[in-house]
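By written order: A, B, C and D. Residues from 1 in each chain.
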Amino acid sequence: MNKVPFKGVIAYPITPFDKDEKVDIYLFRKLLERLVVSGSHGIAPLGSTGVLPYLTDEEKEAITEATIQQVAGRVPTLVGVSNLTTEKTIHHAKFAENAGADAVMIIPMSYWQLTDDEIVAHYDAVASKISIPIMAYNNPATSGVDMSPALLKRLLEIPNVTMIKESSGDIQRMHYLRKELGENVAFYNGSNPLALAAFVAGANGWCTAAPNLIPELNVDLYNAVQNNDLENAQNLFYKQIDLLKFIVAKGLPRAIKAGLHILGEDGGQLRSPLKPLSSQESSELKEILSTITDKVYQS
Amino acid sequence: MNKVPFKGVIAYPITPFDKDEKVDIYLFRKLLERLVVSGSHGIAPLGSTGVLPYLTDEEKEAITEATIQQVAGRVPTLVGVSNLTTEKTIHHAKFAENAGADAVMIIPMSYWQLTDDEIVAHYDAVASKISIPIMAYNNPATSGVDMSPALLKRLLEIPNVTMIKESSGDIQRMHYLRKELGENVAFYNGSNPLALAAFVAGANGWCTAAPNLIPELNVDLYNAVQNNDLENAQNLFYKQIDLLKFIVAKGLPRAIKAGLHILGEDGGQLRSPLKPLSSQESSELKEILSTITDKVYQS
Amino acid sequence: MNKVPFKGVIAYPITPFDKDEKVDIYLFRKLLERLVVSGSHGIAPLGSTGVLPYLTDEEKEAITEATIQQVAGRVPTLVGVSNLTTEKTIHHAKFAENAGADAVMIIPMSYWQLTDDEIVAHYDAVASKISIPIMAYNNPATSGVDMSPALLKRLLEIPNVTMIKESSGDIQRMHYLRKELGENVAFYNGSNPLALAAFVAGANGWCTAAPNLIPELNVDLYNAVQNNDLENAQNLFYKQIDLLKFIVAKGLPRAIKAGLHILGEDGGQLRSPLKPLSSQESSELKEILSTITDKVYQS
Amino acid sequence: MNKVPFKGVIAYPITPFDKDEKVDIYLFRKLLERLVVSGSHGIAPLGSTGVLPYLTDEEKEAITEATIQQVAGRVPTLVGVSNLTTEKTIHHAKFAENAGADAVMIIPMSYWQLTDDEIVAHYDAVASKISIPIMAYNNPATSGVDMSPALLKRLLEIPNVTMIKESSGDIQRMHYLRKELGENVAFYNGSNPLALAAFVAGANGWCTAAPNLIPELNVDLYNAVQNNDLENAQNLFYKQIDLLKFIVAKGLPRAIKAGLHILGEDGGQLRSPLKPLSSQESSELKEILSTITDKVYQS
């Protein structure tokens, strides 16, 4: 088993729905294929972008199986299995492992603010039931809980919790992870507008939905930093930052779906209560994409 | 139909679990009975206190039916039916109406931050499918979205959205609701430490889990304000404030369960990842309860 | 010496400037007289409303002397003597005592965030140099430091620190002060929109600039609470709340000056960089005052 | 006149006091000389580090003159002239220009939250009275006002406002400045823990008190980024980050004075209410410095 199977750009697919708001698995596989062939270094279904919390258990399982089949080992897969209860999290983690996932991502969802001990016990309970590695994910904006660096350190003591994804948007957290936990800890950036700063701070990878729209720019940024080419990295980053900020500000599922439409790709429907971007927001996105790609879009 | 069926103290039962973390319906009914006979003016199952989001659909339905049967019309019932997706919210709202609930409470749960338009459409979709009144519930700490007074005003334009529950903890919100929406809008306080200030500001009722532990003090506070007896209200409030702050700070399900145990009542188990209070926290709670009731507790 | 010389409505005069932005002492005395004769229970020059930090030492001394002379013992006076350095704070505190002030108010101004020990030493150093009582003032929005209830408790151990003014806008702070420090601690509310809730929570007084514009409503609210007439207090509060919120939102010196002009009184000029309200803001204020007083204003 | 006279490391001296808390100009010049000879690219007296707001007008003028004389043109000087009132800010800006400063730094100090229009008028009034360039400084933590990127854009339209110093600690602000205002806008980082990320984002310089303690590491980091040597920059940054975080967390004047003492240099006294670090804090600082310099310190 590879304990840290990811580096570079880890792409997050959306979960598309049909006109009756049912999951469209066929379209999902098509969108997944685009991510693989356009150079992403890993694939992460059932993340925030994939509206994990809005799906039924059966839908999550279908997405998981479709991902493993479609990716077919070309790049490693990271399956989101987060759930409010420990029991359900275990259920989905085991399902992902059995289906062939390379790793699972777990965010400590919380309705009631969890204590540090509850969070550790939660990860521990899941970790004891599977053998594949776990990426612990900190994103206070969606989970409602902000795991302190000290807590992340505790989680890393659990044998198969081997990776940290930080989406709090604070570059100091990454400085801390690198400084306190040593060069060998694998941490990943989940905050799109921090892409450059995080790679420079030593992040192993970038967890992002952006490859649905601008895969080359994402991968080129990673390569520029790898090649120690700071000037090029800076230019590549400033070329894509407006898009990175836009998709975060508008909500990834809404923004990616609208962007796919602009690029001439079918992104399916959203599930209520989520609604499409307004026409003004779509126009703004079209302009950002036009500036980046130097193309004029009709739709 | 009574469009505003609640006033006074609306009590929130916990959802107790057995040692296998299954819902214990028998114990739930027993705890419910305590709330009714101790003078609460309304009963609200499946709230935050009742760990709604940690339950399966079947468990929610069982709790709903058990509540209607046990309360048996002695006081009005307010059933929580919130869900991340609109479809599921409609499902549970219809179930509650069919089961005989007097009203439903809906908080706009959000993983992805919802826009105002999405929230309005969400309530509108549910409201159009049921006939009983809806209490719209604002609690940024648990839902992740803070509904502005302007948005609450829009929600009140939906015919059967007739009540607002405010738990943001800011007394100015209640001043705004009373001032802007007029004396006829029914607003309820969901922030325990604001109990006195909210009643004085004109709140119709107090949504609280405290009657599980100190029902008389809760009801007496309401009566003192009703009787224009400010000095007594102040004394009653200061007598219970430490408990009100404690149960909020520690998380209502954890704190109520621990408090029931101290009072010699069985509160069942919690569902993971939630864990019991530490023994130090329980001792602190025991001291608070002893000071209030002037009794010494063994457990 | 009266250790707690204040209760009820403590009025804050503005410091008016002439067209060259020099302090206009003649006009200041005129505005002060209005506050005394309209029923305020105390007068507090050189507060935030009086733009204390924008004045030179000489100007502060002139204001202090003018206040004592004009008020002439009719009501007690509370002189603001806060300064960034301990040495200057002592200087002004001694000046106020010599001039005949009944008490001084001190907020721990801070450019560099002060530690609790630094704040205690600061108050202690001043207190040891004067005999009149000190009101410790907590207002994070203007001072940049939020004194915790625990720190306020420490300050109250200094013999002549006998009063607390709380302007953090959080009613829970007042609950804490009353609950933890006992019924004998004198605490005052400095947050205008909390006026009703604070009196109900047991505040001894209300420190406010509002009597420059609506003295009767302010005093009537206090009296209603004193008379245990909750319904009347509620009505009086809701009648004035829009004004209370407006003057806080726009900045007290700007708003009071504009309000005086609307009422036909000369409020003088502001000192740069402070500028008058925009004409749209003034219109808004005129409408609020018209609604309250049932009069039409020309200016 | 050079409109953008600074790049690289701009060093901030502390203002030392004698045992009577009077400014010690002789010691100040000695500390200044250390900064110049150790390679700093610019010198900025009367900043936050130099406790500007705690000084009298005469003291500020003495510091200004001493700086110009001691630096003697070896590197450019940036004199802090911020004041609450516009009139005083103009006074000190003119004094600095006459004394020979290369530029002045102005932060919009505010007791009353200033409107955007008031801030623009404040800078405009000062700018019209001097010919040397102005660095506009954004630091919400000390000034109490957070200038939005849009406001900073407006300030840059004033002819001699040619530089921006950003200390809000948010790397996105620098991305915005570079992206929206173009490559030609000179922006400087004032947040020590952002040193690496800010240089990578394109900052022209780093405004910092750290050269009082570790001048070589500061300058080497700048040079590494200039030389496009990302790996070296990362190593140099992680070597100094603990010190950078410590001096910010403890307050620059307190921490620099303690650090100088550890290094065997006299940093003088602080002015009350500021007090020295506790002995425990000093020990922590000694350990950080020992780790960085690989030396053992006695004091």
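Criterion: a residue touches a chain if its C-beta (ideal position, glycine included) is under 8 Å from a C-beta of that chain, and two chains touch if they have at least 3 such contacts.
Model, not experiment: these values are computed from the prediction.
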Starting at chain A, how many touch steps does it take at minimum to reach chain C?
2
From the C-alpha centres, identify the chain that is farthest from chain B.
D
Shared numbers divided by all numbers used: is that above or below half for chain B and chain C, i.e. same or different?
same
Take the average of all CA coordinates in chain B, do the same for chain D, and state the distance between these two points in whole angstrom.
52
Rounded Å distance, chain A centre to chain D centre (Cα mean)
39
When centres are defined as mean Cα positions, the distance from chain C to chain D in whole Å is 35
Which residue numbers or ranges of chain B touch two or more of the other chains?
none
Any two chains that touch count here, so list every such pair.
A-B, A-D, B-C, C-D
Report the residues of chain A in contact with chain D in the complex, numbered from low to high.
171-172, 175, 178-179, 193-194, 196-197, 200-202, 225, 228-231, 233-234, 238, 241-242, 245
Of chain D, residues touching chain C in the complex:
21, 48, 51-54, 84-87, 108, 111-115, 117-119, 121-122, 125, 141-142, 144, 251-254, 271-275
